[in-house]
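Look for subunit A in each of the two complexes below; its partner is subunit B in the first and subunit C in the second.
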Partner chain A sequence: MSRPGDILLSVKDISLRFGGVRALTDVSFDIHEGEIFAIIGPNGAGKSSMLNCINGFYHPQDGTITFKGEERRQMRPHEAAAQGISRTFQNIALFKGMTTLENVMTGRMLKMRASFVEQAFYMLRGRQEEIAHREKVEEVIDFLEIQSIRKTPVGRLPYGLQKRVELARALAAEPQLLLLDEPMAGMNVEEKEDMCRFVLSTNHELGTTIALIEHDMGVVMDLSDRVVVLDYGKKLAEGTPDEVRGNQDVIDAYLGVSHD
Partner chain B sequence: METLYLIFIDPFVQMVVEPAFLVEVLIGGLTSGIMYSLVALGFVLIFKASGIFNFAQGIFVLFAALNFVGLMDLGVHPILAFVITIGIMTALAFVVDRLVLRPLVNQDPIILFMATIGIAFFLEGFGETLWGGDVRPVRVGIPDAALFWELGFGEVLVQSADLFAGVIAAFLVTVLALFFHFTPVGRALRAVADDHQAALSVGIPLNNIWVIVWAVAGFVALAAGIMWGAKLGVQFALSTIALKALPVLILGGFTSIPGAIIGGLIVGAGEKLFENYWGVPLLGGATEDWFAYIVAMIFLFFRPQGLFGEKIIERV
Partner chain C sequence: MLYREAGQYKTSYSADQAMLTIPLDRWFVFALTAFAIIGVPLLASEYLMGSILIPVLILSIAALGLNILTGYCGQLSLGTGAFMAAGAYLAYKIATNIVWLPIWVVIPLAGLCAAAIGIAFGLPSLRIKGFYLAVATLAAQFFLLWLFVKVPWFVNDSISGVPPAPPRSVFGFQVTGAAAGNEAKYLFVLAFVIALAWIARNLARSRIGRSWMAIRDMDIAAELVGIRPLPTKLSAFAISSFFCGVAGALWALCYINSVEPTAFDINRSFQVLFMVIVGGLGSVLGSFLGAAFIFLLPILLNSAPGWIGYSVASDTITHIEFMLFGVLIIFFLIVEPHGLARLWQIAKEKLRLWPFPY
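Moving on to the complex of A and B:
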């Protein structure tokens, strides 16, 4: 299933420390255009920290991140979003007081071009824009099959659906790189199957490059084109699911062989 | 027996016997209530957007009014003075963001709260240095006359200034509510209020939003300051009146705009009714100063999140 495209995102020698704790040490990998790339590893391996570095929540002390050929040391989250990086969170971060529709609409925030004053007073250009964005948002809502909950405040939705709304919000921004932090965590089998289907069709039909963190090994092996394994903040292995599965270091890390 | 009669029966008999007086009391209460709402609104805006309880909001009201009146006393046209004061409040928002909020970002809420207390004292002193400590009347041409309304059951005396203030406040409150619900900027503001992390991830720059919110809160403070100033003169005691917003917030909920409005009306009407029907005959009056706080305290026992606050749900 591997489709080698151009390198979209390149992570080079990233090191991240919180005080004395080394969350990441010299981690490097490339994500190619159009692939589904998984970051796996035991708890506390630094997977979420890695995603947080990519979208600018954390600023690594060393190393560089190159996105679309542009090298940078650090970036603010809203700049990353403007560059085309969207994400979802491990413990859902939705706007709980708003409806599904409003939540997804916030994903379009950066695409709005009308000036602040025009928006504030809802002038002609502001209104035309609003309509155009609504259409795009409805497309995403159809794509993820959440039409029936458009007007429901998301705080009231069951967990699985909230995860889907979060994905919808990320997709509404038409990202080039989509970061999913444990998209299937806490879901039942049926919800997991749905989510897998949506992740795959996002990749196939919309052509979005996806980097995801996931604990369910079955899901990872089925979905991803390539996998990187982290343990104690270091890269253990990288390759296709089959390559990684046979790697002795990886097996040790998961089965808990003592580190000497 | 006598006391029980005075508490439970007599007040209601009075209300029925003299409905015109009741209407007067209610109108007086509601008009001062809507002005409490305006002050409370400033608190809610900032609390929603940044999770900071801005203790300085009361001083904002005073500071805005001081600047406005000060400029007018220098001979500036009221409209120009209004615009300049909005500029000053926006600049103030910018300075607060740069000098106080940004360096303290990610600190505990209590630290930020302490910082706003600091801002409050600084502004109080700074305002006095700039404009002096005298009581200054506001002359913006708000009509001040006693109107007599002939209703079916008697004649009602209404102050036109009260009515005017009520109308302006109601208008402002409506505009803000529409702004929050139907514009993209309003949506961004609500998004930030709801979840900082999610807001960042969809590309909302938090800092800009904070400046906007503090500036809007400054604008609301100016409106409230002018209204109160027109009623009582611009004086430093205004910052104490502004603290009435606290019981209003406890009643309405710290995160709800409609809550701030309705809470203000309830407090305003409630304290006037209590003063006239229970306070004066039973306690000799002067209950207006503390009544709202007692109500707020009782409210905390039964509904700590306020009438419209977000339900406190603990998911385990």
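Moving on to the complex of A and C:
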């Protein structure tokens, strides 16, 4: 399954501190184009902080992040979005008052160019864009099989579907790098299977590079091409799922041994 | 049932994204607009047009404006009166100093000036939210009104400080000032209402409307999809203030026929805020329903005892009015934050299946 491509994102010696708390210490890894890359570790290991650094929510004190060969400093989240990084959140961050369709349409925000006047009069590009992007959005809606909830305000949807809408919004932006923060958290087995299927087909059919955080080891080991393990903000191990599974440090810190 | 949504298939995205997707709705709105343009001036009495329809229509514009800011973008504002005053004073200033400029250009121009002022007072919105922002806009309310009263330049050094509206005409019909006929004024105001309501609906369904709602619902996630918070919030302030400015200019020039500060005091801000809350946050229809409801309720209270041959002292009525408004605001905030517009929608949904429960 491993298809090593060029390095898409390179994280080098990242350190992030909140006052005296060291959330991340000298973490480095590379994410290659087209792979599914998993970040795992115990609670509080700094996994979400890592995504927040990549995404521009946090600004690490030391280290560099290079995306598509370009080193970036102090980037804001909307700039990261403009560069082609989308993400979903651990606790869903949808626009609750808007419908599924509107939520997914916001994912196309950066691709729309209509001027204020064109939008105010719903003419020329104002109208053309709405329809053209609607077609793209419908493709994503078909892809994630959420046709039936198009016009439902997302606040009324069950948890599993909300997660799916959030993924749809991220995909609508046609990202090069998709960051998924615990996409399967709190789901039942069927929902997890659906989500796995969507993550895999996103990777295979759309060719999107995916970095995901997940606690369900079965899911991680099945889905990902490579895994990095964090513990107390430090990198413990990196490698293919099998390598990581056999690593004694990782077993001690996180995986544990089965007693049967 | 004549009115039904089932079986109304849309075969293109453009049809699905139309403003009114159901033909019957579309015909109803067309008919209503046509009646408002042709029927009302023919049928309505002077009193109905001059004292009820014109102010209700103007206040709906203001309510639309506040709804854009508070309902769609989620930024609470108590400065509506001030932005209306800005529109009124600047419309007067422009109309009296550039006499050749047609009045239908003057009023949008005054709206643009109000928009610029709105942007200035919207700048703190990046840093402060909720109640604190409301207090910041309250500062706008008091400061701007103080400014317009204190600086005689705005009223061309008028001695009374309350200059009469300059008489101006459109197509030969006088539309502003005391001498203008109510029909002409009504149609003039109506033209603005139709245009602005249409624009508000368009904005709400376009990218800019979605970015406002995204900021309202979750600003962190909004930033994530590439929405820049400051320009988005400022655009809401600008457009909201534009609407309020136009409403203020029309209020001064077409309704009360003079430019006076008391028409735009803090009570006006609260009145428009109540309209938006009662009518429905984040709804164009709600702005109209709210404006009509809040403006008509006191009139109804005043005249209702007379109809049933019963007289109540006018101060008692005022007290009842206060109590009723208080109760209504609390009721809507707790029970139905989306206001009359949502109640209307629920009624439609229920009627669709009536008499079956599901």
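Please note the rule applied: the second predicted complex is superposed on the first by the 250 of 260 C-alpha atoms of A that agree within 3 Å, B and C clash if a C-alpha of one lies under 4 Å from a C-alpha of the other, contacts with A are read in each partner's own complex, and residues count from 1 in each chain.
As a working rule, a residue touches a chain if its C-beta (ideal position, glycine included) is under 8 Å from a C-beta of that chain, and two chains touch if they have at least 3 such contacts.
All of these numbers come straight from a predicted model, not from anything done at the bench.
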Just from the overlay, do subunit B and subunit C fit on subunit A, or is there a clash?
clash
Which partner does A:Glu135 contact after superposing on A: first (subunit B), second (subunit C), both, neither?
second
Identify the partner contact of A:Gly97: answer first if only subunit B is touched, second if only subunit C is, both if each is, neither if none is.
both
Looking at the overlay, does A:Tyr254 come into contact with subunit B only (first), subunit C only (second), both, or neither?
neither
First, second, both or neither for A:Tyr232, with subunit B first and subunit C second
neither
Looking at the overlay, what does A:Phe143 touch: subunit B (first), subunit C (second), both, or neither?
neither
Should A:Ala81 be classified as contacting the first partner (subunit B), the second (subunit C), both, or neither?
both
Where subunit B and subunit C land on the same part of subunit A: residues 55, 57, 76-78, 81-82, 86-87, 89, 93-98, 102, 105-107, 109-110, 112, 114, 116, 119-122, 126, 130, 169, 173
Applying the document's contact rule, which stretches of subunit A touch subunit B when the two form their complex?
55, 57, 76-78, 81-82, 86-87, 89, 93-98, 102, 105-107, 109-110, 112, 114, 116, 119-122, 126, 130, 169-170, 173
Note which residues of subunit C are touching subunit A in the complex, please.
13-14, 16-17, 19, 199, 202-203, 205-208, 210-211, 213-214, 216-218, 220-228, 235, 282
What does subunit A use to touch subunit C in their complex?
55, 57, 76-78, 81-82, 86-87, 89, 93-98, 102, 105-107, 109-110, 112, 114, 116, 119-122, 126-127, 129-131, 134-135, 138, 169, 173
Help me check something: in the complex, which residues belonging to subunit B touch subunit A?
179, 182-185, 187-188, 190-191, 194-195, 197-206, 310
